[in-house]
Each structure stands twice: as C-alpha cells, then as structure tokens.
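First comes the structure, then the notes that go with it.
We just call them A, B, C, D and E in the order they show up, numbering each chain from 1.
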Amino acid sequence: PSDNSASEEKLTQVRVSEVIRSIFYAPQYVAIEQGYFKSEGLDIQLDTAWGGDKAMTRLLADQADIALIGAETTVYVGQQGASDKVVNFAQVTQRDGSFLVARNKIDNWDWSMLKGKSLVGSRKGSMPEMVSEYVLKQNGVTPFSDVNIIQNITFDNQATAFASGTGDFLQAFEPSGAILEQAGQGYVVASFGQDSGKLPYTVFMAKASTIKSEPTTIQKFTNAVQKAQNFIHSSTPEEVAKVIQPYFEGVESKVLTAVIKRYQDGDAWAKDAVIDQEEFSNMLAIMKEAGELNADVSYQDLVNTEFAEKAKRQ
Amino acid sequence: MVAISLEQISHKYLTDSGETTALTDISFTIEQGEFVGLVGPSGCGKSTILSLIAGLLFPSAGKVTLFGEAVVRPTHQLGYMFQQDYLLPWRTIEQNVLLGLEITGRLSQAKRERALRLLDEMGLLGTADRYPHQLSGGMRQRAALVRTLASEPQVVLLDEPFSALDYQIKLQLEALIAQTLSSHRLTGLLVTHDLGEAIAMCDRIIVMAGRPGRILRILRVPDTIRALSPLEARESAEFHGLFRQVWRDFQDEA
Amino acid sequence: MVAISLEQISHKYLTDSGETTALTDISFTIEQGEFVGLVGPSGCGKSTILSLIAGLLFPSAGKVTLFGEAVVRPTHQLGYMFQQDYLLPWRTIEQNVLLGLEITGRLSQAKRERALRLLDEMGLLGTADRYPHQLSGGMRQRAALVRTLASEPQVVLLDEPFSALDYQIKLQLEALIAQTLSSHRLTGLLVTHDLGEAIAMCDRIIVMAGRPGRILRILRVPDTIRALSPLEARESAEFHGLFRQVWRDFQDEA
Amino acid sequence: MKHNLLTRGAKSPDHAQFLRKKRLRSVGILTAQLLIAVAFLLLWEIGAREGVINSFLFSQPSKIGEQLISMLASGTLLPHMWITIWETIVGFLLGTAAGTLLAILIWASPVLGRILDPYIVLFNAMPKVALGPIFIVAFGQGFLSIVMMAVAISVVVTTIVVYTSFRDVDANMIKLVQTFGGNKWHVFQKVVFPAALPTILSTLKVNVGLSFVGVIVGEFLVAKAGLGYLIIYGFQVFNLTLVMLALFLILFVSALMYHAVAFLERRLLNWRN
Amino acid sequence: MKHNLLTRGAKSPDHAQFLRKKRLRSVGILTAQLLIAVAFLLLWEIGAREGVINSFLFSQPSKIGEQLISMLASGTLLPHMWITIWETIVGFLLGTAAGTLLAILIWASPVLGRILDPYIVLFNAMPKVALGPIFIVAFGQGFLSIVMMAVAISVVVTTIVVYTSFRDVDANMIKLVQTFGGNKWHVFQKVVFPAALPTILSTLKVNVGLSFVGVIVGEFLVAKAGLGYLIIYGFQVFNLTLVMLALFLILFVSALMYHAVAFLERRLLNWRN
C-alpha cells in the first residue's frame, strides 16, 4: 500500500535508533510499513540499540538523527549538563507498557496483596522501575519495606528469571506477559500504565541543534508519526498485527494480536504526537519520587510541541 | 651367587607406524659383586635392558631375574643412575638424597644420618641445605650417586652417568664410582657408549650391536687392567689391544 | 702468515649482581693452516675466546686480529661450528647448507653445486631434500660441517663439535674433520674439554685454567703423534706422556 | 595375514594385536563421547516432556530441531551464521596481524617493549566487555565496532604469545645466523620467525575463540544480525527456543572454526611430518 | 669508591659504570611511561575543554577526579570496589581449584581425558557471555551467578594449562620416582605437581584477569553493587563521568590483582632465588 510517487533520489535519509524492538512501538513500524515516511519524502534507516543508554549515546555521538527512547533520558542528559540538549518532539506511547504478572490467577486484585512478597523489577533509575515505585506508593505499598523489589536483573532476563522461580511477581513487558500467560507460567493481574496516569513514556527525540538545522525534516517525520497514530486508532488489532508482523519474526500472530489489543484497550498509544506539559510534569514527579531528579529541568527546554501541533492540524 | 640374569630376552616396541625390535635373544648373567659394562651404538637397546632389569618394562619374550626372583616391579634392592642427575630443583640436596627412602617409607633417623655421612664421603660436606642449581655439574652427579646409594641397593644400574660431564670431572667420577661400588660390595651394570670407559672400569664387557639389538660378544677384562685405576688403565698396552679388538667388531658390523 | 692473533685480551661480563672476569691476559697467535686445540675446565672462557675471534663479542681490553685486520664484525672468512648442529628443522638439508651463502648474498649456481658436492663427499649423498629430523646425530653434525664449509671460510672455529655424539661416531668424525680441514688448507681452532681429543687431532694445544680464565701453557704436539690418525694417536706412548703432563697441570690447579 | 578394519596397516601379528587393541579403545572412547551427547539430549527431551525440566525456559531438543529446520527452510538462519563467521574471520585476521606486528616491534626494539609493557599488561587485564560503550562511540554502530571488539580481545594475547615465542627461540640458532654476518633482519627472517611459527599457529586456535567471543560481545552491543543478535532478539520476543538454537549454533560455529584453524596449522607445518 | 643512587651496590668501577648506564636507562623508561600517561590525560582534558572531544560522552579527567574524591568522601565508592574484588577472589580461587582438580583427574585417567577432550574444547571455545541467561536461571540472581561466571571463564584455561604442564614434566624425573618403586600418587606428589607449580602459578596471573572479566560480565547481568554495576547505573542515568571513573577503577583493580598474584608467585617460588 505504500505510496511510490516520490522518486528514490529525492528521499532524505533519516537515521533512527530505537531503544529496543518492541510491539509497544507499533506506531513506528506502521509508519514505515504503510509508507507514511516515504510519502513525506523520508527514507528511514531503523536500527535497534538494545538499551536506552546505547540509543542515547548514538544520538549524542551523531550516529543517529532521531532516537525513540523514554523521555526520562532527556532529563538525565539535561541534568548532567550536556551543552546540546536533547529535545522531545513527538510522543509515541503515553503510558507505561508494563503489566504486573503473578504466578497464579488472582481474581480480586488489590495492590496491597504485594505486601511481604518480592517483585522482579527493572534497574534503578530506569523508567519502568520509577513508574513501578510510583504506582506502588499511590496504592499504599511502600517499595522495599513492604515489597522486596529485585532490581538487579538485566532487562533481557527478567521474564526468564521469573519463570525460573525468582520472585513472586514480575513487572512484565510484552510479549513476555502474553507468552507467560499462554504457557501458563504467569497471569497478568494489573497494568502499571493504567495506574500511573499519562506520561511521555516513549518519544521521538533529537538534538536541539538538529531540530534547529533540519526543521522541515522533523516536521515531515512528525507528520508521518501522526498518520500512523491515526491508523492505529482506527484499525482492529488484527489489521495492525498484519502490518507489523515483518518486524517480529518468530512471534506468533496470535500473540501479536493479543498484545496489540491489550495496548489498545489500555490506552497505551498516544492519539497525537503532542507532549503536553501535564504529562511531562507527571513524569518529573515520578522521577522526583524515585530520587533521580536532582536538578531543575524545564518543559520548555526539553519539549518541543511545535511540530506535533502542526501535524495534528493537518 | 647370580645377581642378575637375562634368559633369551627379546623386546619389541609397538607404535602406530609399526614395531621396533629393540632386543633379540639377549642372555647373560651377572654375579654378585661384579661390575659389568654394556657398550654398543646408539639405539642398540642398552637403556631398554636396564629398564627390563629395573622392572620398568617387561620383555616381549624371555625371563629376567634378580637374585633368582622374577622381576615384576621396581624394588629397592636396585638403584638407578641416569645420564643427567635429575635432582629435583625444588628440593634441597638433603631432601633429594632422601627421596628414595621417603617413597619406600623406610626413612628413619639412622638412615638419614647414613645418607648425610655418604654426602660427606663424596666430598659434598655442607651442601645438604643447598639447592641443586647452586652446585656444579660434577657435584650434582655425585649427589645423584648418594641418592642412589642412600636407599641401600644391592645392584646399581648406571645409564651413561658420565656422558654429560666435563672430561676431567668424568675421569674423577669414574674413579670415585668404581671405588664406591667395590667398597660397598655392590653389583654394577654400566651402560656407556665410550668403549674405553667400559674397559677401564669394568670386570666384564657386553658388546652389543644394533638393529635389532643383540649381543656381539662378551669379554672379560684382564686382571692386569682391572687392578689399575680407570685413568691408569687407559695407558696400558692390554687396554689398546682390547680396544682395537672391539673397535674392529664395530667397524665390521657397520 | 698469521691467521688469528690475540694480544693481551681480557674480558669481563657485567651483570646486575656483579662482574665476572671471564678472561685475563690472553695472548696467542695461530698461523694459517694450523689446527690448534683449546682445552680447559668448564667456564674457563673457551667459548668467550671463540666469540671474540668471530666478532660476536668485543674484548674489554686487548686486540683481536684476523689476517692482520682488527675484528669488528663477523665475516664470512670465518666459519663456526657448535656443539649441537643447529640445523634449522624447517629447512631441508640443502637449504640448511646454503644458509650462510644466502645470508651473505653470495649464493650462485656454482656455489650451490659446490655445496652439494661437499654433501656427497661427507657421505650425505641423497639427503639434500630431507629434513634434519630424518637424519641421525652423526649425519646431522656432518651436515653442519658442510654448512660451515659451504661459505668458504679461511678459518674454522669449532666449539666442542663432538661432545654431543656417540663415542664411535665421535671418533669417525674427528678423523673426517681433521682430514677435511687439512685438505682444504684451513686454519682451525678446536675447543674441547677432552684433552685426549685435542692431543690426537691438533698441531698445538692451548691449555687454560679457570676463574679467571687464563692460559696455563701452550704446547706443541710432537710430529710423531700428528702423523697418526686420531684413533691411532691415542695409542702412542707420546700421547700418554703428554696427557699425563697436562693432566697433572690440571690437578695442580684444582 | 587377513586384515580387517581394526588391523589394517599392521606390519606383523604383534603389531596387528597392538593396533586392534588401540583402535578398539578409540572406538570405545568415541562411543562414550557419543553416549554422553545422546544421553544429554535424551534426558533433556524426556525431562521436558515429563515436566521435570521447565521446557518453557530451556526449550527442548525436538523443538530446537524444528526451529532449526523451519529457519533453514525459510532461509532466515544462514545469513545470521555467515555474518557472525565473517565478522569473526575479519576480527581474527586483524587481531592476529596487529598482535604479530606489535610483537615484532617489541622484539626489534626492547626499549619500546619495556616502555609499553605496563600498558600492555593493563590493557590485557582490562575486561574489554566494559569498554563496549566506548567502542560504539568510537567505531559506530555496526560491523566496525564488532570487529574491533574481536580485535581488542585477541590482540594482546597474540602479542604476548608471539613475543614470548620470539624470545624463546634458541639463542644458539640466532648466534649461528650472526656468525654468518647476518643482521637483525636476517635473524628474524631466517630463524626467529620460522622457529616461532608453530607456536604462533597454535595460538591461532585460541585466538579464533577469543575473536569469536569478541564478536558475540560486539553483537550483543550493536548487532542488527548474527548469532549474538538472535540471542538478544530471542529474549526480547521471549522465544527461548530461538535462544537455545542460537547457543547451539554458537557452539557449532566455534567448534567449526577451531577445527578449521587446527587443519590450517597441520597443513602449514607439514615439514614436521 | 663514592657511590650515588645510580651506582649503589657496584662491585668495581666497571660494574659501577655498567650499573649507572643500566639504571639511567630504567629511569628513562619510567619517565617515558609517565610522560605517555600524563600526555594522554592532558590531551584529553584540553581536548574536552576546547570542545575537540565530546566531553559529555567521554567526560574529562578533572571531572572524573572530582567524582572520585566526592565518592570517596561520601563513602559510596569503596563498598563497590570491595564487592568486585571479593567476587573476583572467590571466583578466581574456585576456578583455579576446579581447573586444577579437573587437570589432575585427566592426568590420572588418560581415558577420561580423551573422552572429555572434545567437550572441553567445545566449552572452551564457547563464548561464556552468551550463557549469561542460563546462569541466572541456574544460579539465581546474585553473588553465585557472578562467581560462577568468573569460574566458567577461567576454569578451562586453568585445566588446559595445568594439564599441559603436568604432561610436559620431564619423563626421566617420573622414571626416577618409578625406579624407587613409587606409584602414581608418589609420582604426582613428589615430581609432577611440584615441577608444574611454576607454570601453574604463572597461569594464575592470567586467571585472575579472566576471573575479573567474568565478574564484570556477571555484574552487568545481575549486580546490585560493584564496579560493573556502577557502569550500568552510570549509563542508566547518563552520568558518564561515573562510567569513566568505574572504568578507571576497573583498570586499577585489575592491575592491583595482577601484581598481587605476581608477588605471591615470587614468594612461593623462592627456592629459585
């Protein structure tokens, strides 16, 4: 279905580094597969960094033009005093994408059931971990004193460790949650995203200097993202799954569909690319709660909504 | 009394590429107290014979006996000296000398003292606490001799014990060993490729030829030569006669 | 004409722990065509003297000349033979033999043919394409001799070339080398710790003592002995006289 | 004499006996080796089926086999293998060349060697894995970073082993060349290098392993393809059968490369017979 | 004779001359080494200040120094170092013990050795980094996994080196013990083990490095503390000064452990003088 009207030579090359390959970032794959980028005159070279630090490093080392990472990294980079700040310009996901998985089915879930148990979480300072701690506190569970959070396992291995008997609960990302359920190794009992409120969880970002020198490219890019967001919100999980299947070799389409449905139902994907101040402040609050915010950072410095607003109006 | 006897020994080494007949039809006996030389070209099986007597190897055919008993394993009736001293570098001379007694579990205060006395006799007074690398080549070989004697063997097998030494030291050590063996009334079997050495030191000489290893002839060293020290023996007229004779055997063989 | 001359040479080796005086006040000359033996106990500096003559080392004091010219670096006028053959195991015998010519860039078809002829003369016909490990010890040492001669030296330095060999082979090689050097009219300097060997092979003998290395005496071998082959020489009465004489010198020293 | 497989090539009855015994033992050893492998796979399969082993985590041989066949059939497997092998070969050759060159330099100039020594020790002791991020910044996010990781891991070991083997060459062989008036270059070319070659070649066997480790580490860091990438990706999509398959293929490839170098070694050293 | 620092211990004027020359050269070499280090740090600092080097990604020496001092002052640094060192020591001792034991087994039973041979080669060639997840599953998510990673990385190398040094013991020394009627245990205890000890000890120097690599890899995988953890955490919050500091400390610790083992080696082998 891609639009081939623009000839190959005219395409502007854009190097995009995504933090990991995840169904959570479906809008991005949709924008590529549906030809939205191409019709805007962009040729996307997608590369998976396998880690927020690595993706950010690539951006900073000029090995990528745009990165898709959690917005918290821009805060970290900002508070470490980078001269060329990294600016968020287009939101992809608006909630934490993780779920709480228990070993057994629990019908009437209450967060207080976590008390006295252990939870396999993420590394200290990472967004999922901070969200998790925030959600726990919101629900009257004090992290570390009420619940033992196991923080030391690499992202790749958390689900495996849980399945091999580590911890009572797991903060799971998809498709791990769905696969665990399918295999009868665990059951999703709650969604962290639901309880954390909206925040700029994963966004497209670029260096301030890039945004300044290439505004048209950034605009075109944002336009394409907006189109993908429209597509996702007007299509069935099956239709979305079909489009992004090539990016998930080795994942059954059944699982893919289930996960997409879960994200759609959970309102995980932003309707538009605009990062509003409220969402951003929510994220800063969560970071502050976690003790990782130790310098004042401003919404104005780190967020640019100009392009997203324009794309939304089109 | 017969100390060592070999009866129609033959021995083959088997390897992937084939078999080497190291010895064929070897028979000889050595009387107690005798000192016998074993000479022959490299590879004729001299070391193999010593290994058979020592019980380190077993013959493909034939029978080896030590004091009338078949050899089935190494025994402390027997001492072995090698071309190199093989003093263990991490042990002091005393510890090296006591190695055999240690292994056979016969180490006692009396034996330790006897060993130290032997060291003295060999002119190694004061070296007991030194490490081998602090000694000269001749001293090391003498220490190796003490190590052999410390286990109180009846029979001593010597596999070219002088060939790694300086000529002067070699002549001195030849005299020392000949004298020590006879004063301890030990039976000796000396392997050497130096025909002159064998004639000068031994009572009898077994001359071997190679490929396959066999005995060319066994000859008795005349008493006139035997009465002399190894250094003097080399100058006697009979020595040269004997030397020529065996030398011609070798040349004919080659 | 004087081939080699050493004038009041002394040499010290310096190491962290101190200095070793290897040689003091060494003076001698060797005439062209002469074959001189250098004997003395281990460590008395025999190899050091050869290294000085070969230009591998420079004396702490004194002057070394070769055919009247001061020695400043190794030259192809000079050939060197070692105790071991040091044939390069990855080269065929032919390639080994041509090593010297290769290094000095003098390899030509004529020289190659000459070298192969030398191999034949030494009884190594047909071994040119073999690797060293396929040869016996005696053959290897003979190949090393050919390697030395192939570079057409005027002077040959021999550092205990026989001491790693079997007695029989050693006697054969002694004769071969003595004969080859004289037939090529080469000057030779033979280091050995076997006094008998030096007497049997050489025209003159330089007897050294150690710690520090110095010359004890220089003696001429009587023509009667020189006329004989090394094997025969050992049996002559003069041989024993000379041997005794030097032997006593050694004993006095020690 | 009648010969069967066990006594073929025998030179005599005794030798036949000897060969039979020896070959029977070899057969026995081979059998034991196969038995171990088969028992391992069988126990795994049965354990997984019976639920003793968590087949969800460890997958099971039959599933891994299916995955292998399906990926072979769809042509999605071999490209990953080739990429990893190719990266390893490039890293291996570069690492060996760089290490040997450095060793030659140090041999030729002992002063340089002494100056560099503490840095070499330091770089050798440093876990190169920790340098990963610097590699990304310095060499970009692809092939070059991976290859450089392979080089970094293997280069110092090569230098040390090669230099040691240069240094251990019999001093008398060097003296031999010097008596012929040979200079340092002659010494190196005629003696030191050929004498050290066997050691150098046998290091290569180790080196190819180190390069492979470097490539896998590098692929974990930056790959878009390759066996290391398959592992990362397999975890991401929680397809542990894919992870296990990748692990087996890594084993397979490393064995393959080890034997390739061993073969090369034998060919190059055939003067030894 | 008047002696200064350069000629202290001289036995004669010539020797004094020799010592002076030698020691002057050593001083020269030390100076060159320091110059390299200083130049490196200086260029880095200046480059960062002038903006030639991206000081955000690479940090700069002065900032790293500040970070070091502030972390030392707050007492948050040393615990991380101790943990890493402790894990390395445990992994190192276990790996060496296990490797030596395996070597002894193989030496004592050559048939066992031949049976295990291909598996040992395979395990050796396998990049252990790739096994990380299996370690988590098998050994949990803490200390044990980290130590086991250190063991896994060092054990085979130890086995191979130790076994090789057992095998290379002069056959005549073994024969010596046998002529005294010694059995296999005597041979091992009196000759093979002590003769191989120098080689074993010098492997330890390499081993401690390997164990350290294992620990860092393990810490990347599951650590709650340690220098590897500091790197991960530093990246997580984009404090690259912390990352660089951790890298420097890793260098420092690895050099420290290398020299500790070298010291131990010298002490244990003092019979050599």
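Operating definition for what follows: a contact is a pair of C-beta atoms (placed from the backbone, for glycine too) under 8 Å apart; a residue touches a chain by one contact, two chains touch by 3 or more.
None of the values given here were measured: they were computed from a predicted structure.
A.B. asks: Treat each pair of touching chains as one step and give the shortest count from chain A to chain D.
C.D. replies: The fewest touching-chain steps linking chain A to chain D number 1.
A.B. asks: Among the chains in this structure, which pair is joined by the largest number of C-beta pairs in contact?
C.D. replies: D-E
A.B. asks: Hey, how far is the Cα centre of chain B from the one of chain D, in Å?
C.D. replies: Here chain B and chain D have centroids separated by 49 Å.
A.B. asks: I'd like to verify one number: the distance from the centre of chain B to the centre of chain C, where each centre is the average of its C-alpha atoms, in whole angstrom.
C.D. replies: 32
A.B. asks: Can you check how far apart chain A and chain B are, centre to centre, with Cα atoms defining each centre and the answer in Å?
C.D. replies: Measuring from centre to centre gives 85 Å for this pair.
A.B. asks: Tell me, which residues of chain B touch at least two other chains?
C.D. replies: none
A.B. asks: By the touch rule stated above, which residues of chain A touch at least two different other chains?
C.D. replies: 53, 57, 61, 156-157, 160, 164
A.B. asks: On chain D, where are the residues touching two or more other chains?
C.D. replies: 57, 133, 137, 220, 235
A.B. asks: Among the chains present, which pairs are found to touch?
C.D. replies: Pairs satisfying the touch definition: A-D, A-E, B-C, B-D, B-E, C-D, C-E, D-E.
A.B. asks: Using the touch rule from the top, collect the residues of chain E that touch chain B in their complex.
C.D. replies: 170, 172-173, 175-182, 186, 190-191, 194-195, 197, 271-273
A.B. asks: Which residues, counting only chain B, touch chain D once they are in their complex?
C.D. replies: Counting only chain B, the residues touching chain D are 12, 14, 16, 18-19, 60.
A.B. asks: Flag every residue of chain B that touches chain E in the complex, lowest number first.
C.D. replies: Those residues of chain B that touch chain E are 54, 56, 73-76, 78-80, 82, 84, 86, 88-90, 99-100, 102-104, 131, 133, 151.
A.B. asks: Within the complex, which stretch of chain A touches chain E?
C.D. replies: Answer in residue numbers: 51-53, 56-57, 60-61, 73, 76-77, 80-83, 123-126, 150-154, 156-157, 160-161, 164, 166, 292.
A.B. asks: Report the residues of chain E in contact with chain D in the complex, numbered from low to high.
C.D. replies: 25, 29, 32-33, 36, 54, 57-58, 111, 114-115, 118-119, 121-122, 124-131, 133-134, 137, 209, 212-213, 216-217, 220, 228, 231, 235, 243, 246-247, 250-251, 254-255, 257-258
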